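After this come two complexes, each holding chain A, first together with chain B and then together with chain C.
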Partner chain A sequence: MPDAQTLTLISPELLLSIFGLLILLVDVIWREKSQSALPWLAILGFALALAATLYIWGSNISLFAGMYMVDMFSLFFKVVASLAGILITLVSIDYLRQRTPYRGEFFAIFTFSILAMMLVASSASLLMIYLSIEFLSYTSYLLTGFLREDKKSNEAAIKYFLYGAVTSAVMLYGLSLLYGVTGSLNLTDIAAAFSATVDSTVRMIALVSTMLVLAGLGFKISLVPFHQWAPDAYEGAPTPVTAFLSVGPKAVGFAALLRVALTALPQWVLPAPPPAPVKEIPLVLAVVSIITMTLGNLIALRQTNVKRLLAYSSIAQAGYMLIGVVAVNLTGNSPFSGLNGILIYLFAYLFTNLGAFICVIAIENATGIVEIPEYAGLVKRAPLVAALFVIFFLSLAGIPPTVGFIGKFFVFGAALREGWLYLAAIGVINSVISVFYYFAVVRQAFFEAPKDATPIRLAPLVTLSLVVSAALVLAFAIYPQPLLNLAAWSMGMVK
Partner chain B sequence: MDLIVFYLFATLAVIAALGVVALRNPVHAALCLAVVFISLAALYVLLSAPFVAAAQVMIYAGAILILFVFVIMLLSPGVDQGAGALKWQRPLAAVFGLALAVELILVLASAVLPAARGQYTPERLAQIGDVQAIGALLFTDFLLPFEITSLLLLVAMVGVIVLAKKRVRS
Partner chain C sequence: MTVNHFVILSALLFGIGALGVLVRRNPLIMFMGIELMLNAVNLAFVAFSRFLQSLDGQVFVFLVLTVAAAEVAVGLAIIVALFRTRATVDVDEVSGLKG
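And then the complex of A and B:
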């Protein structure tokens, strides 16, 4: 039986488990009568988990025989997860009402998927990483296919599941190799075992197993060539779930990647002092990053469905974030460590991309429109949504004064500091390309005449979450200090 | 003696595994899978882990394989007639699969695996008991993964029921 201190430190996870089960239970007992209360129960759970996370803010301790780290790095992701949970639940309420009778189960599974995000962020052993990523995957598959009557939703779930099953098997193979070589599941012990051996062939094993693990994490993050599921799954999934898929698994995929890279494999990832050549793993990641952002952006140029467009855009965004991983260097006291760049970028991306998807949901809920040509004249029909689209797209493209600019600034800054000039240059060129497709949507909305000029009525909850995410996108751009502090503190994980 | 048994069952497992992917008739493939599972169970016995071996036979060869056979019976897919539209994938898959195999063999054959031996040696296991050791670990060091697995299974179960059951509520 864990003691009281342990229970306090895992209280966000405990709260979410309790609320997930509670939602299932209330749904079973009160059935129809409880339907409208269930999402609020989920939101209460997320809010309490957020409060609990802030209560244990500043902890730095490892629990359960070194398997579970409660440090600033993981607490950062727990804050992100609970905020995403609240926003997505708010916009799901209206969306689901007409589409599925199983709303209780939806909110329960969704609560568990946020719990799984928190678990991934804290995992510090290969077993926990695998288990919590599988947990997150199962809930994501289920949510993707949740609209049983909708063929596209079914197709999306099946594609997502088959792809995910294969990549997670490949990842498991890589994890078992790491375990076989080092004799430990614990990330810090793995690092110790690696630094204790002088045999040069061990380097090859580290490289091969890392590549296999990267297949599984790359699938979660939607890196090329593990991205093919993303457009179909994003298009077919219920749109609030698409919003979740585009931020949740991606964020914690990066969390797991960083945790493995910096805790278990620092020797193979972190750069040596200058005369030493660039190491293999960062080099591979740099190539993947270039292909990911370029391919994502080029294909996005040709999309006419806004959900598919945002899917390819989110693939490209993953490429930019990966630059931060390539350029990680934790020595010295530079404001550009790469690690803080990714964290700031992830935070910015979370609210921006959620905001963009909430815009899509607002329009889809009222009219069913998801094709970009039908967005013509949106500014006359729903001026608020059209205006906020501009803000979110500015932020996704990384143009000031939005929080997306701050994220790109710190990621590209780290690349420049570490001498990855061409990587930063390709990143900037890609950002310019992305402006074309983002503003194709804006052009339709602002400068084309509407075919049907009836105003679009927005549900109050959707409007609320739209305004909240837009406010955050602008507020953190004008006053980024809390974000900079937050990201700097989270770096305490590596010493 | 151990080594002979190891090579016997290891060879059997590899051959049967090839059968799983190469045989055209899904029932034959499923039977090959049973052979793989049982050979692996024999390897676990060699590693002085009889409990894992028994679990392997009961869960994999028993429950999971039976489930596979049921699905095959219910769907009755017939004999695979070749790849059809995905024909070009076969040679490509073979090339990439071989490349990975060569890579892994080269790496594993050249490296001296420095893995540390765990604290549970065969002598110690014989002293405290195999099942007891697993049980104690499951509720101490591995408590968290154990509890998470239970939640994961619950969610999977609820989700499958939602996706698969006949529509009753509307």
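And then the complex of A and C:
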């Protein structure tokens, strides 16, 4: 029976459910009149959910028979989810007004997708992980195909859907094997069952099922070879949704991956003292990480559509973040535990990538331009956007003084600490490659003559969210201590 | 009949479903392949549940069935929208986005 304490602990999720349904209801009753109020209702919901998350900050408790964990790790992702919700809603208002009359459903489904992110972050049993990941997937498919009359949006949705449905079935198969071999759906019980056995068959099945589960999570994170959907879905989806897809599913995909790896499979993942060999799962992840960053960066080099460019860039970023998972080591009190690297990187990536997409949205809203050659002379037409592009791209490439540098510093630092020297080296080489295509956009914007020199007018809300994300990117780079504390607290789950 | 038989049968069904998705080009048929994959997993869950004498697996099957129904709703909606804008649903012809 849920008591008052339980209800308080799941209040962010409850608030978002209530606001999602409220938006649907208000939209049905006051169809035309309510249109301009709905996004603000969504933003109010996210703000209240954020406040509720901060109110229960510091909790560490398992709810609903061990299916749901409210700990610092999940609260960290709930903060990320609510902030992303607020920023994306702000920039989608003008974008949708120009393109579709059905805006109420959009904000309702979007609220539910943020709710789904929170659920994934807290899931502590195989059942809950499956259900919440599917919840997030379905809302993402609907948002991707939201512009029903638009051919590109449809195509993006069907591709995303078919890839997603297959990889989630594969993941489900892996979950069934994990259940069969351990007899439990609860992640801590699975870990206990594994540590009680030395059977080599069990070890094999555990490896196979982990790889199958990795297929499903790799799809969310867009790891090679499950990345093919990303460029098409990113290009075809409405741009605010693309911004969401590039941060939301990726962040919680990492949350679920870390939760499964560290809670259910610690002895398969965490390094043992030196004479022990390198474990199989980190080795596989290291190979996937190398292929993901290299492929993402190389294909990004020849993109001309800025949404596709950012899609491949986000694939490459997933590769960098995976280095943190490979190098995770929670013994001792080192600042380079791998885990905090991923959390810092994810937080940095959230604001940076959202910021880059908001720049794209600002230009697309005013002029419809998404091709990089047409960005020529942007600095004369929209100096603010051009300048902020530089900041966000510096951060994505990991160049100081931006928060992206802090993220890369802790992730690569963890790789060095754990002796993955070649992995860190390949990561650095890839960051250098990425500078080429990021700065190809900047070169167009700053050093080419504009074909059409009319100034671009920015919507006030878009400007506001641009300035906020740029301020955060710079502020956390100059004074990263709050971010480091946040990540350090969030690691409480494994202690 | 031991649990092994069921697990092998479920692996075979899963393979047939996956093959269907890879080989066929009509999203509706691909969809049926995906459903077959999900049901193969359900069979494995029920078999494991009986073998382990635990009800968790059965509960999981119920929820997978529900999720599959939601998946059909979302998937068909996307396919209908696709058909309305293109008058075809062949996935090889739906290739405007590339690069």
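What we mean here is this: the second predicted complex is superposed on the first by the 494 of 495 C-alpha atoms of A that agree within 3 Å, B and C clash if a C-alpha of one lies under 4 Å from a C-alpha of the other, contacts with A are read in each partner's own complex, and residues count from 1 in each chain.
FYI, contacts are C-beta pairs under 8 Å (C-beta built on N, C-alpha and C of every residue); 3 or more make two chains touch, one makes a residue touch a chain.
What you see is a predicted model; the values in this text were computed from it and never measured.
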Quick check for you: in the superposed arrangement, does A:M67 touch first (chain B), second (chain C), both or neither? first
One more residue to check, A:G398. First (chain B), second (chain C), both or neither? neither
Touch check for A:S184: first (chain B), second (chain C), both, or neither? both
So in the superposed three-chain picture, is A:I205 touching just chain B, just chain C, both, or none of them (first/second/both/neither)? first
Contact-wise, after the overlay, does A:L131 reach chain B, chain C, both or neither (first, second, both, neither)? both
For A:G413 in the superposed arrangement: first (chain B), second (chain C), both or neither? neither
Which of the two partners, first being chain B and second being chain C, lies in contact with A:R148: first, second, both, or neither? both
Could you say whether A:L24 touches chain B, chain C, both of them, or neither, answering first, second, both or neither? first
A:G45 contacts which: chain B (first), chain C (second), both, neither? neither
Overlap of chain B and chain C contacts on chain A, residues 127, 131, 134, 138, 141-142, 145, 148, 180, 183-184
Going by the contact rule at the top, pick out the chain A residues touching chain B in the complex. 2, 17, 20, 24, 63-65, 67-68, 101-102, 105, 108-109, 112, 115, 119, 127-128, 131-132, 134-135, 138-139, 141-142, 145-146, 148, 180-184, 193, 196-197, 199, 201-202, 204-205, 208
Interface residues, chain C side, partner chain A - complex: 3, 7, 10, 14, 17-18, 21, 27, 30-31, 34, 37-38, 40-41, 44-45, 47-48, 51-52, 54, 56-57, 59-60, 63-64, 67, 70-71, 74-75, 77-79, 81-82, 84-86, 91, 94-99
In the complex, go through chain A and note every residue touching chain C. 126-127, 130-131, 134, 138, 141-142, 145, 148-152, 154-159, 161-162, 165-166, 169-170, 172-173, 175-177, 179-180, 183-185, 231-232, 235-236, 303-305, 308
Quick one: which bits of chain B touch chain A in the complex? Just the residue numbers, please. 103-104, 106-108, 110-118, 140-145, 148-149, 151-152, 155-156, 158-159, 162-163, 167, 169-170
